[in-house]
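You will see chain A twice below: alongside chain B first, and alongside chain C after that.
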Partner chain A sequence: MKNLLKTQDLKAYYRLVDGTDIRAVDGVTLDLRPNEVLGIAGESGCGKSTLASVMSLTHNPPLRVIDGDVTANGSNLLTMPTEQVRQKIKGRYISIVPQGAMNALNPTQRVRNFAIDMLREHFPEMKKDEAIDLAAARIDELGLPRRVLNNYPHELSGGMKQRTTIVLSTLLDPKILIADEPTSALDVSSQKSVISLLLALLKDEIITSIAFITHELPLLRQIATRIAIMYAGKLVELGTMEEIIFEPLHPYTEALMSTMLVPERHVREQRIQSIAGVPPDLKAPPKGCRFHPRCPKRLPVCSTEEPPAKEVGDRTVWCWLMQ
Partner chain B sequence: MVLANAVEPKQSSSPLLEVSNLTKIFGSGKDQVVAVDEISFEIQPGEILSLLGESGSGKTTTARMLLRLSAPTQGEIFFEGQDVNAVKSVDYWKRVQAIFQDPFSSFNSFYSVHSFLGKAFRLTNNHNSAADKRARMEEAMEKVGLNAEELLFKRPHELSGGQRQRLMLARALLIGPDLLIADEPTSMIDASSRVGILNMLMDLSRQHGMSIMFITHDIGLAYYTSERLLIMNEGKIVEEGTAEQVVEHPTHPYTKRLLDDVPRLRRKWDI
Partner chain C sequence: MAFMIAVSLNFFLPRLIPGNPVRVLISQLAEGGVQSDALARIYDNYMREFGLDQPVYIQFFRYFTGLFKGDLGTSFMLYPGKVADLIKEALPWTVALQVPTILIGWIVGNVIGAVCAYKGGRFDAVVFTSALAISNVPYYCLAIILLYGLAVHNPIFPVGGGYSFGSFPDLSWSFLGDALYHYTLPFLSMIVVAIGGQAIGMREMALYELTTDYVQYSKALGLRDQKVVRYVFRNAMLPQITGLAISFGMMMGGALVTESVFSYPGIGSLLFTAIRQTDYPLIQGCTLIITVAVLLANFLVDIAYGFIDPRIRAAQLGER
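Here is the complex of A and B:
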């Protein structure tokens, strides 16, 4: 299958001063295909943001890539010279909107100055006016009010700040946008406006694909093409949105789905059970399947051997029950 | 003390708390902001309800006034029929307690769990022995699913978000309030543990006849836990009704829009 970006057996650990590793991403193989929104979901601490930072090549020590590749068009991005990555990949091929990005806008600068700085970083020759015109044209195209360029960040609402951040991060027409929790801390109506903007970026072919990281599965129901569920540094299930949301196979996916509180009848009809226990310590994750201590359906083999990937139709499930 | 004996919710017709034309205005002149605009509602004994609104709707300002942390510009609050201004704050806080959004900022990072919970006895005038207090703390921690033996001498930074939130609740239980105001109690907690905390709150309400008012923007949470919903927008309560009524047959345009914008599982947005 054609892909824009692929991680192969990717392992990325936080190495502490005492030499212990926190195995935040521990063998993840995942591909991002053209024209899709790939949702990456899981609880906090499952490694989804770590995965996003490695996929966007924005990882910094103490986070290190221990093993595995991140490839695009057949070339390994992890071994590419830093200068080349900076000029050709970051912002041009892959752009990331990290968690809380909207609060990273400089409070003492108008939004337009940020756009100028960013564009001239990539095109030193560009005049200020040209940079502003470019940003204004994009803002018009996406239906945002042009005044945001002249505003300071504190003059914008949360939803507008987040949309501005997304527009700025896609000014250089990257193929891939990685959005890490772009809608958390926003009201439902602002959430929807951010989602509409992301879909408009795809529709207008400004970007080709999105990796959308969140813990809110009802949001992925609205925009994802495929969904990857992560638990304790590993993928447990990867399939189409419909498969994951409506017919989950992995016991963790099933449990996670059942705890989603949405205003729909089934939520009030019975008491919802939470998932017993807590996620494991990633310094010393449990042997075998990492979910086995909390799994209601565990088999003897689950505590001793890691489940291999099993293809079920188009989806992949890492669970002994599927073998 | 409420904690000691489990009772069925009281079936009395007089409300526990009654709010009448409550208003809060910040600033003056042209900078004047009406944060809460003449709202009125009642809370029945043992009832769970939600005050639902987006940021800036005035819901947290309302919560602060109910807790007497902020004085209303206008309007009255009656507790068991009595004007709360006639009651000493300390006595009021024995009956009305709160848990907040960010469980970390609620703690002094130098205090262990033991000294944090110990402070709660100041409100209850409990002059019993240290051993008795310790037993009560352990009982309260047990009730909220915390292992007292393991955690009693830990400090806040050694606890997870969920544990801190449960600890806030244990403290409230030591005091044994009749009304608990829960301001976004699970917004810092993962979906899977969120349901656990909510179930616990609902059980405690049933066992002790404690009323709970959730202050939240999370419609799913409100729908799951509450008998009644109050929808707040721009300082006003725009709609009020049972959870089923409001969610299935909203009448106010604002409520309709809010329900349209919530991402759901069984319906896709039209965008």
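Here is the complex of A and C:
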């Protein structure tokens, strides 16, 4: 299967001052395919934002990649020289919508000037006027008011700031957009406009694929084509949106879905259930399957050995029940 | 309002110093062997001349009206020298000493601080630690050490004064050269401390700015480091500008000790002698200059902020 971006056995740990590691991403294999929205979901602290920062090559110490690859077009981006990554990949192939997008824009700079700086960084021969025209054309195309170009960030509302950030992120027509909780600080109507902006970018073929990181499952129901569920630094299940939401195989996915209010007929009668217990400490995750201490269906083998990946059709499940 | 309160304090505070200034003058004359009835006449004469025989509120009224006419009174010690003339003479020396020190110290300190924050690692460890150590040396200690090391022990530089004894202040090259030569030590003693202090402040601000979302975001979109550092530098500068203004405000009084140590003919030395000799009008004049300088600096900062920070500009214009 052709893919735009692939992580292979990716391990990224936060190294603490005392030398211990927090294994936020611990062996994740994941591919991002053309023309899809890949949702990455899990509860707080499961490592999904860490995964996003490594996939977008924006990770900084104390987070370091211990093992594994992030490949695109057959080349390993993690070993590529930093300067080359900056020139060829960042903003042009992979772009981001940051988690704290509210403060993602320089407070003392007009939006216009950041657009100029960014475009001219990648195309030094471009004139300032051309850069502004290009940004204005894109803003018109996506239905934002043109005035945002002349505004300072503090003059924009939260939703408008987030949409402006998305437009700036995609000015260079990147293939991949990695959106890390782009809507978590927004009210519902702003969320909706952000989602439709992302879908418009896909439809206009400005970008090819989105990796959408969130803890809000109903959002993924709206936007995702495939979903990866993460638990304690590892993937537990990866499949299409329908499979994951309606026919979860892994007990954790199942438990996660039962916490969600979905207005579908077959779930309407069910009670909302919370998952017993708390997520494990990522400094010393449990042996075997990381979910086993909280799992209602655990087998003896779950506490001793890690479950291998099991392909079920096009989806992958990491659970001993499937073996 | 602030100005009125300050002006009043300028008047009353010197008068709280114990001792009658005229008696001090008279006692100096007495050492010269003047007759005692003559001394009494001179005493009365001086008291009348300086208006000290009047009640305090009348003195205050006279001071106040004089102020509006630009008359700062007559110095007791350097009678019949006008306070305004004495200050006018000393002011250029202080400005010449302080403005370059503050500006250069501020610019160099900020650049060093920003580079420290950005580079981190060993460079930061070495430079930051030395800046911390240097900025905590009291500048008068440094002044005395420099004076001893470079003027007394190894007479490379003159011991004090603003220019050589016997030369007359004018704008000739030889005089400027001479003044610069005398200028070196006081300048050094202050700038080293200034650089250290500014560098520490800037480093903290820049370190904070470097963790902000817009830095991460700009880098994620492939902006080169130089560009991002420019954003950071500008934003980290904002609080530093307040620091610059405060330095300018304190400029007039700030070098009091340095000027005394080097017998530099500026406002600091003038104020120092004035206080020692309870010369009310001269103290009032000097502190007035300091007050005006602080208020003016604050005013200018408010204006400068508006230019640099769009958020504050919006607030000032009531756009919010």
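FYI, the second predicted complex is superposed on the first by the 312 of 323 C-alpha atoms of A that agree within 3 Å, B and C clash if a C-alpha of one lies under 4 Å from a C-alpha of the other, contacts with A are read in each partner's own complex, and residues count from 1 in each chain.
By definition in this document, contacts are C-beta pairs under 8 Å (C-beta built on N, C-alpha and C of every residue); 3 or more make two chains touch, one makes a residue touch a chain.
Quantities reported herein were computed from a predicted structural model and do not represent experimental measurements.
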{"item": "Overlay on chain A: chain C relative to chain B, clash or fit", "value": "fit"}
{"item": "First (chain B), second (chain C), both or neither touched by A:E216", "value": "first"}
{"item": "Touching partner for A:S189 - first (chain B), second (chain C), both, neither", "value": "first"}
{"item": "Which superposed partner A:V278 touches (first chain B, second chain C, both, neither)", "value": "first"}
{"item": "Chain B and chain C, minimum CA distance [Å, superposed model]", "value": "9"}
{"item": "Those residues of chain A which chain B touches in one complex and chain C touches in the other", "value": "none"}
{"item": "Sites on chain A touched by chain B in the complex", "value": "43-44, 158, 187-189, 191-192, 195-196, 199, 215-219, 221-222, 245, 255-256, 259-264, 267-268, 271-275, 278"}
{"item": "Chain C-touching residues of chain A, taken from the complex the two chains share", "value": "56-58, 60, 86-87, 89-92, 95-96, 98, 100-110, 114, 117-118, 121-122, 152, 154-155, 165, 168-169"}
{"item": "Chain C - residues contacting chain A, complex", "value": "212-214, 216-224, 227, 231, 234-235, 238, 308-311, 314, 319"}
{"item": "Contact set on chain B toward chain A in their complex", "value": "54-55, 160, 162, 190-196, 199, 217-221, 223-224, 243-244, 247, 257-259, 261-266, 268-269, 271"}
